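You will see two complexes here that share subunit A, one where it goes with subunit B and one where it goes with subunit C.
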Partner chain A sequence: MELWRIAVRAVVAYFYLFAVTRASGKSTISQATPFDFIVSLIIGDVIDDALWAEVSIAKFGAAAGSIVLCDLAVKMAVFRSRTLFRLVNGDPRVVLRDGAEDRDALRSEQLNEDDLEHLLREKGIDRRRWKDIHRALMELDHELSVIPIPAAEPATKAMKEQLP
Partner chain B sequence: MKPLLGVLLAFALLLACSAVAVNLFADRALFVSPPDAVAEGFIREVMTKRWDRAREYLANPDSMTRAQLEELQSRLGEGENADAHTISRDAARAVVEVTVGTQTLRVALIWAEGWRVTESGMARQSI
Partner chain C sequence: MDWQELGLTAARGLLVYVVMLVVIRVLGKRTIGNFSAFDLLVALMLGEVVDEIIYGDVSIAQGLVAIFVVAGAKYATAWITCVSPAASRVLEGKPRELVRHGELLPKALRAELMNELEVMASLRLQGISDVREVKSACMEVDGVVSVIREEWAEPLQKRDLGKSD
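The block that comes next holds the complex of A and B.
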């Protein structure tokens, strides 16, 4: 196959994907969910067939466009319904409660104690300071949030002013 | 609703570009699969014994019986590597040579809203 045809197909596919991605209002990569990654992989496979002319550009457009449309429709529905949001994305899960790890929650998140230790160390909390944690939650984006026990929080100026 | 319309608009634009290229400028290899890719795909489906999918490449899906496809497959073997190049092409017809292992097949195609394999175009050659 002539090289220029491959180049033109690549350019057409690029601008089409650029247009549908812009139109679908994708925000930042940091907001991407694991399913966004799967959608990207599917589109990557579809574009491969288009580049090597195994399918027509119209078929590529239909396949990639349908996937983006489906993804968009689900996202819009999730945005409007709290129930659907929880069904699709799940809930943040408490993996550490008042200094003690929740083994069932860790198992559901496919984490072991070492992983939790590692994640907390990244937050500057070593094992000895787990007792200062009120809740540690595995968020929907697989980031760990830590809520300290109020007494363990560093004192602020406002607190000092409240003292008798 | 605006994003949904945006995606649909992008798709409609792509379809329009494709239709203009094919119908107005007689594109037969850029926005559509060129004849060599079609012939190669057909031979690959035959080699992997996917008869129904192979028939989708034919101008007339009933023009080749299962027995004929099996006969072609037995000649080609079960490999997956097929290499095709176009011998001749105009707006309505094309001839493609497909090499599979030590064998070369000539595949004739006609344009029918996309390139389609014609059953009469199959002729075996040894190299």
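The block that comes next holds the complex of A and C.
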């Protein structure tokens, strides 16, 4: 195949993807869920066959368009219905309560105690400070959130004013 | 232009989307979390097999077998890693301490192929510019450097001001 055809296909596919991702309202990857990440991989995956002319540009358009439309439809449905939201995204789960890990909850997240220790270490909390944790939750974006007990909350400047 | 083929392509795209949604959901949070380089690889594998399915280069059945086998293998390793700490150490590695009580550990740095500039950079990302503030810093299995501060370098808490209410 002539080289300029590859160039033209690359440009067409690039701007087509640019248009559909913009239309689907995805401007940032930073708040993406793991599933968003997979969708991006799939779309990146269907484009190469179009570049090498293994499939027609129209077929690429149908494939990428169908994936993006599905994504948009699911996003809208999930936004409207709380039940669907929980079905698609799951629930946050408390894995540590008042300094003690909840083994059943950890197990259902496919985590063990080492994993929890590791995730908390990355937040600067080692084992001896677990007692300062009121709740730790595995959130929907697969991040651990940590709520300290009131005594271990950060001090504020306003409190300094009240010191004797 | 073959409209029927385009329609079929779109329909296969729909199917692939739904299958992947279910697979990712069933695999759970561990799968595509930021756990290890291998998790990312599995995500790439899953994302990479689907174009042949969508374009009809392989049959739907063949494609589904590939997806389910990769997902199943991932589920199995995640399960083994979860129930057996020993297997977890083999499959995911274990954390290695890079800094202890303000001292860089040269042996550990060599083992992780890191120099002190990189360690200092990861400390700065945690807001630490003086290595003496560090009680322990570890290279974790997901490639993140975790930092535990010395007691005196920890931020003030409410109880430190006598306010524990």
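The rule we apply is simple: the second predicted complex is superposed on the first by the 152 of 164 C-alpha atoms of A that agree within 3 Å, B and C clash if a C-alpha of one lies under 4 Å from a C-alpha of the other, contacts with A are read in each partner's own complex, and residues count from 1 in each chain.
FYI, contacts are C-beta pairs under 8 Å (C-beta built on N, C-alpha and C of every residue); 3 or more make two chains touch, one makes a residue touch a chain.
Fair warning: this is a prediction, and the values are worked out from it, not measured in the lab.
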Review point. Clash or fit: subunit B and subunit C on subunit A?
Key: fit
Exercise for review: Based on the superposed arrangement, let me know which partner A:161 touches: subunit B (first), subunit C (second), both, or neither?
Suggested key: neither
Check your understanding: Should A:126 be classified as contacting the first partner (subunit B), the second (subunit C), both, or neither?
Key -> second
Check your understanding: Which holds for A:70: it touches subunit B only (first), subunit C only (second), both, or neither?
Key -> second
Exercise for review: Considering only the touch criterion stated at the top, classify A:19 as touching first (subunit B), second (subunit C), both, or neither.
Suggested key: first
Practice item. Give one of first, second, both or neither to describe whether A:35 is in contact with subunit B, with subunit C, with both, or with none. Key: second
Check your understanding: After superposition on the shared chain, which partner residues are touched by A:88: those of subunit B (first), subunit C (second), both, or neither?
Key -> second
Review point. Touching A:55 in the superposition: subunit B (first), subunit C (second), both, neither?
Key: both
Review point. Quick one: subunit B or subunit C, who's touching more of subunit A?
Key: C
**Study point:** Least Cα gap, in Å, left between subunit B and subunit C after the two complexes are fitted on chain A
**Key:** 5
Review point. If you lay the two complexes on top of each other, which residues of subunit A touch subunit B in one and subunit C in the other?
Key: 54-56, 58, 61-62, 65
Practice item. Give every residue of subunit C touching subunit A within the complex, in rising order. Key: 1, 5-7, 9-14, 16-18, 20-21, 24-25, 28-35, 43-44, 46-48, 50-51, 54-55, 78-79, 81-83, 85, 88, 95, 126, 135-136, 138, 140-142, 144, 146-149, 155-161, 163-165
Exercise for review: Can you check the complex and tell me which residues of subunit A touch subunit C?
Suggested key: 34-35, 37-42, 44-46, 48-49, 54-56, 58-59, 61-67, 70-71, 74, 88, 90, 107, 109-115, 118, 121-122, 124-126, 132, 138, 142, 148, 150-155, 159-160, 163
Check your understanding: Considering the complex alone, what residue numbers of subunit A touch subunit B?
Key -> 1, 5, 8-9, 12, 16, 19-20, 22-25, 52-58, 61-62, 65, 68-69, 72-73, 76
Point to revise | subunit B to subunit A touching residues, read off their complex | key: 3-11, 13-15, 17-18, 29-34, 36-37, 41, 114
